[in-house]
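Letters A, B, C and D mark the chains as written, and numbering starts fresh at 1 in each.
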Amino acid sequence: MKRYLKLAAYAALLLLLPFATGLALGKTWVRILDFALLYVMLALGLNIVVGFAGLLDLGYVAFFAVGAYCYALLASPHFGLHLPFWMILPIGAFSAGIFGMLLGAPTLRLRGDYLAIVTLGFGEIIRIFLNNLDTPYNITGGPQGIDLIDPVRLGPVSLNQPPGHAVYSYYFLFLLFALATAFVSTRLQHSRIGRAWAAIREDEIAAEAMGIDTRNLKLLAFAMGASFGGLSGGLFAGFEGFVSPESFTLTESIMILSMVVLGGMGHIRGVVFGALLLSILPEALRYVGPLEQSLFGKIVIDPSGLRMLLFGLSLILVMLLRPAGLWPSPARKRELLAHGETAKHENTNIYDAGR
Amino acid sequence: MTMLRPLLAAMAAMLLSSCAKQNPGSELVVRIGSVAPLTGPQSHLGKDNDNGVRLAADEINASGLVIGGKKMRVEVLSEDDQADPRTATIVAQKLVDEGVNGIVGHFNSGTSIPASRIYSDAGIPQISPSATATTYTGQGFETTFRVVTNDRQQGEALAKFALDTLHARTVAIIDDRTAYGQGIADEFEKDAKAGGAALVAHEFTSDHATDFTAILTSIKGKNPDLVFYGGMDAQAGPMMKQMRNLGMKMAFLGADGSKSPEFIKLAGTAAEGAYASAPGLPLDKMPGGKAFVQKFTAKYGKIQLYSPYSFDATMALVNAMKQAGSIDPARYLPVLARIKMDGVTGPISFDRKGDILHGAVTLYQVRNGSWTALP
Amino acid sequence: MTQDAKLLEVHDIGRTFGGLAALSGVSLTINRGEIYALIGPNGAGKTTLFNILTGIYKPDSGNFRLEGVEMAGKKPSELAKFGISRTFQNIRLFANMSAIENVMVGRHCRTSASVLGAILGNPRTRAEERSIAEKAKHLLDYVGLSRHAHMLARNLSYGDQRRLEIARALATEPKLLALDEPAAGMNPLETDSLKRLLETIRRDGVTLLLIEHDVKLVMGICDRLAVLNFGKKIAEGEPSRVCSDPLVIEAYLGTS
Amino acid sequence: MDIFLQQLINGIVLGSIYSLVALGYTLVYGILGLINFAHGDIVMVGAMVTLTVVRLLSDSGLPGPLVLGIGMLTAIPACMAVGYLIERIAYRPLRNAPRLAPLITAIGVSILLQNLAMMIWGREYLSFPQILPTRTMAVGGASISAIQLLIVASSTIMMAGLSSLIRKTRLGNAMRATAQNPEVATLMGVNVNTIISITFVLGSALAAVAGMMVSAYYGIAHYDMGFILGLKAFTAAVLGGIGNIEGAMLGGLLLGIIESMGAGYLGTLTGGIMGSNYQDVFAFFVLILVLIFRPSGLLGERVGERP
């Protein structure tokens, strides 16, 4: 009975949250929450690749881009196609999954940082193609991006009507998808596939010897992670109404990786917390200017610089205080507290840089 | 999760400070949002825009403008959109929530377009001082304006200048694959080809590159009469220097993004003789132009690029409010759409879509170390 | 139904590492239900052959067949499906997973739940999960580790880690269990209990291939053995006969 | 033909610059096994400090190369101090933390350094006064300038100096031992923490020289320049083989040449469909190909996975 009470309390909180923030802090913060939920999906997707299977991916934003462009191309005047969103999202997720496999295939024998640079290269390659496929035929709109993307439409109702309240309706849509992603991730983690991924992360050679086809399972990890990214990309395109290559840079991939590691790699709740924190913190730091104003009466340090400086500082401080992440998985925390040495063993396995 | 409590407390404190500024009474507070990238590769141009808005606000506050019997005080809310489309929408929503009466921004086309939807939904007029992509005003929003000529207008002028004045027959084009650079380069290419010039090379770089020797060398092989660059000063300057170092003597023509003191500083002695265009009329020819240059340089140092346009955009907003006798966006928006005024960059009036009407384009050349307007 | 007595036939296996002939023309046969040992001085090629028979290395020449099926060139995961499982000389357990999870991973190639099954949690998948957990618990009892079921593998004692590795290998239901120096670093007491465990495994129908330096253990437990020296097989047969073979004595004790 | 030669020279000069940055990078990378996102920003600090000194002395009438020398001599200790502080505060406490933890602090340090530099040196692009001779020599139809030669020469000298230090000196042995196996190195009496600090400080000194060279050659410095340089150094270091000094040099040179050739000839190669806009795609494509055939880089030692 106690469990249901707790669950009901969580549900109530999540349902009231947007309206409470909207009233107290303004619609900006609801929009920030919406983006935070998209980042939760991205972080959970990357967590499958980095957290479960232990494959360092520095080009994850490419799948976010594939999903976003799938949605943009299939629901905008660009090609004149206006498919319904429930049809495009699976296409976006599926094609992102294919790209995930495309990335996975050539990199299977690579370990650690060699894999990292290839995934980084892959992310850049996708962004550059998106930025340049406006000639000879205008497929992606090039640097101009794609504009006037149809909003998400549930049957007759478009989430953009009434205009002012789009952020609320998108909040619930994204909440639904984020919860589904978390549910699927949890189910995957405690399953036969999840254990196989963990085995690959711990010791790939032993996993292969125990009958795990590491090649297929690594591809599966890339594909699953990528499909979450594609899903989130589609929702982003519908919400933002405009996509351009500038949104899918290497810095985004690094930020998503930071969310996973800082939150608690391999631990669903930790990754969700990391995603929420690192997407809300930079926006909260926008108030540094007014804070200086009210404290010292005038702007002492240039707020925009100070804002990013504090963000960088917070990354450092959190990792120094919580090396295993803010909310690591209980097993990981137990063994880390045992003594530093054991972590040494673990970090030669997570991905050894073949030094 | 002990981390959460301090974080929430900090946010609450910050929030209280930001809305403590409502002071009722005799003054009519007008809030103008000024949005540009204040961090990252274009931060020097973003800050320049912001300074243009601030100078206009100071001037209006000094002049003691009165609307509806109350003395107007303009307050500038600056935001950093980091030239990122997602951040642009968050910042736009933040300004709408804070009840801005008008927006001067954003800087890039890639951020102005997504943000324009949010301002349009909230019915708040937005004037971009620097976004030149045609799609920005092509979205059919009534609240979207710009005081800088769009790519098409500037492309025509540049092509006419290259072909008729510089008599270039063969042309090489470089663009930095940004919404701005590619937009202006494609327009120039279209008009140059229409004018009978042959395009011998179309090379590409990026908005954070510093080495252009490879693309310049392949252009050198084709020996065009003129090299056109669509992109910003941070690349145009070093590119010009490397062009001369490679012994390439042909003319260099940049667009408004290259016409800044930064270009001359970065290109060094190689800058001599470079051409570039800029929308509007030369500052010193315009009424108030000289005064603007003096006041701006006294307060903020050298004018970078678009601060005169952000100054004009702020003035346009405030004049529209004055003529409409109200600072309520719904009331002064129609007036703004039909406004006719003289800005420091030239006559300001908008066409149906929000582009500046018959926007003049002036060509400049670097002569003994500074941009001089060509007749 | 008398199955063919020969379980594993190794035919003329050769392997070189950059010019060095680690193995040349090695052939041997392991019969079903046997404990077969591979002995020989260091550098004789035991581990190389062992790694070939478990798919880690590919042989340059020759082949080996399990129950008549060609195995050379197959990946270790495929060999595991066919019934060849192994342990490692320097214990490669999944350090941050609990003992029971380690063994459950061994069940992977014998189970089939897919991603969809995991997400939907349909009855078939749940039943399979239960069977995996039960089999794993049973195997932990079998090797005497049931009280450490939820301890992280890295925190187990050295002897227990050895036993866990064997339990994990058994989880794949192997026909042939290959053990790479299982008694290395064990005191006589532990070696003796290992010996009893191996005999129990053999009694329960699993054929064992063993690399071991502890001659006393080898002689005491194996039915047949092969002796390798400088990459060639110099003797094969019952321990008593092989011991008296002059070639073996010379290889071990050096020429008198 | 001289266009091809000029492209080759462009590639070599660009490659030398990448090598300059990659040398310091791979030194630290080899020993810490960490993708040091902050390295590019230490190069930026080196460029900024040199530039500030050079601008102060530019009207003092001292000859160009001397001014540059003084600039470098102030930049090196500055970067060494920054390097030491970073390692001491952001990396050492996480020595035994999970592998990806120091990666995040490196990202944090990179953001910190960039914004500190923005506050100190402002947002404008700082131009390098014209103090170096811009004489260009003709080399069979193509041209190479004095500073380009200086860059190629200095990267080779630095690589040679560094590899002899690593191979022939007591410190070098200790560094290699720590890189291979820190635990055993400690048993052999090597103070691992000191060695790692020294390596970091040495890497930062190399970064200072690289920063000076890059800003002198391109005549430009900006608080934001570190990110791209760091990325190119990471690519070059991996291409050459992580932790391998000669590999970093080779990787840097190759990357420079691939990019220049890509920018120059991709258009003709692909019949105009792909042009210089796909230069980075071409570079990453070649990198992926190399890594498929040599999974630990061109000169990286073959880390055979002995079971």
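The definition used in the following text is that contacts are C-beta pairs under 8 Å (C-beta built on N, C-alpha and C of every residue); 3 or more make two chains touch, one makes a residue touch a chain.
Remember, it's a predicted structure, so these values are computed and weren't measured experimentally.
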{"item": "Greatest separation from chain D - chain, by CA centre", "value": "C"}
{"item": "Of A-B and A-D, pair with higher C-beta contact tally", "value": "A-D"}
{"item": "Cα-centroid distance, chain A relative to chain B, in whole angstrom", "value": "33"}
{"item": "Averaged-CA centre spacing for the pair chain C and chain A, given as whole angstrom", "value": "42"}
{"item": "Centre-of-Cα separation between chain C and chain B, whole angstrom", "value": "72"}
{"item": "Chain A: positions in contact with at least two other chains", "value": "131-132, 205, 209, 302, 305, 308, 332, 346"}
{"item": "For chain B, residues contacting two or more additional chains", "value": "38-39, 43, 177, 204"}
{"item": "Multi-partner residues of chain C (at least 2 other chains)", "value": "56, 88, 92"}
{"item": "Chain C - residues contacting chain A, complex", "value": "54-56, 75-78, 80-81, 85-86, 88, 92-98, 101, 104-111, 113-115, 117-119, 121, 125, 128-129, 132, 152, 154-155, 168-169, 171-172"}
{"item": "Interfacial residue positions of chain D with respect to chain A in the complex", "value": "29-30, 33, 35, 37, 89-90, 93-94, 96-105, 107-112, 114-116, 118-119, 179-180, 183, 231, 234-235, 238, 242-243, 273, 277-278, 280-281, 284-285, 287-288, 291-292, 295-297, 300, 303, 305, 307"}
{"item": "In the complex with chain B, residue positions of chain A that touch it", "value": "25-28, 31-32, 35, 131-132, 134, 142-145, 147-148, 163-164, 166-167, 236, 240-244, 246-247, 273, 277, 281, 283-284, 286-291, 293-295, 302, 304-305, 307-308, 318, 326-327"}
{"item": "Chain A residues within the chain C interface of the complex", "value": "184, 187-188, 191-196, 198-199, 202-203, 205-215, 220, 224, 331-332, 334-335, 338, 342, 345-346, 349"}
{"item": "Partner chain D, residues of chain A touching it in the complex", "value": "50, 56, 106-107, 109-114, 116-118, 120-122, 124-125, 128-129, 131-132, 136, 205, 209, 250, 254, 257-258, 261-262, 265, 301-302, 305-306, 308-309, 311-316, 319-320, 323-324, 332, 336, 340-341, 343-344, 346-347, 350-355"}
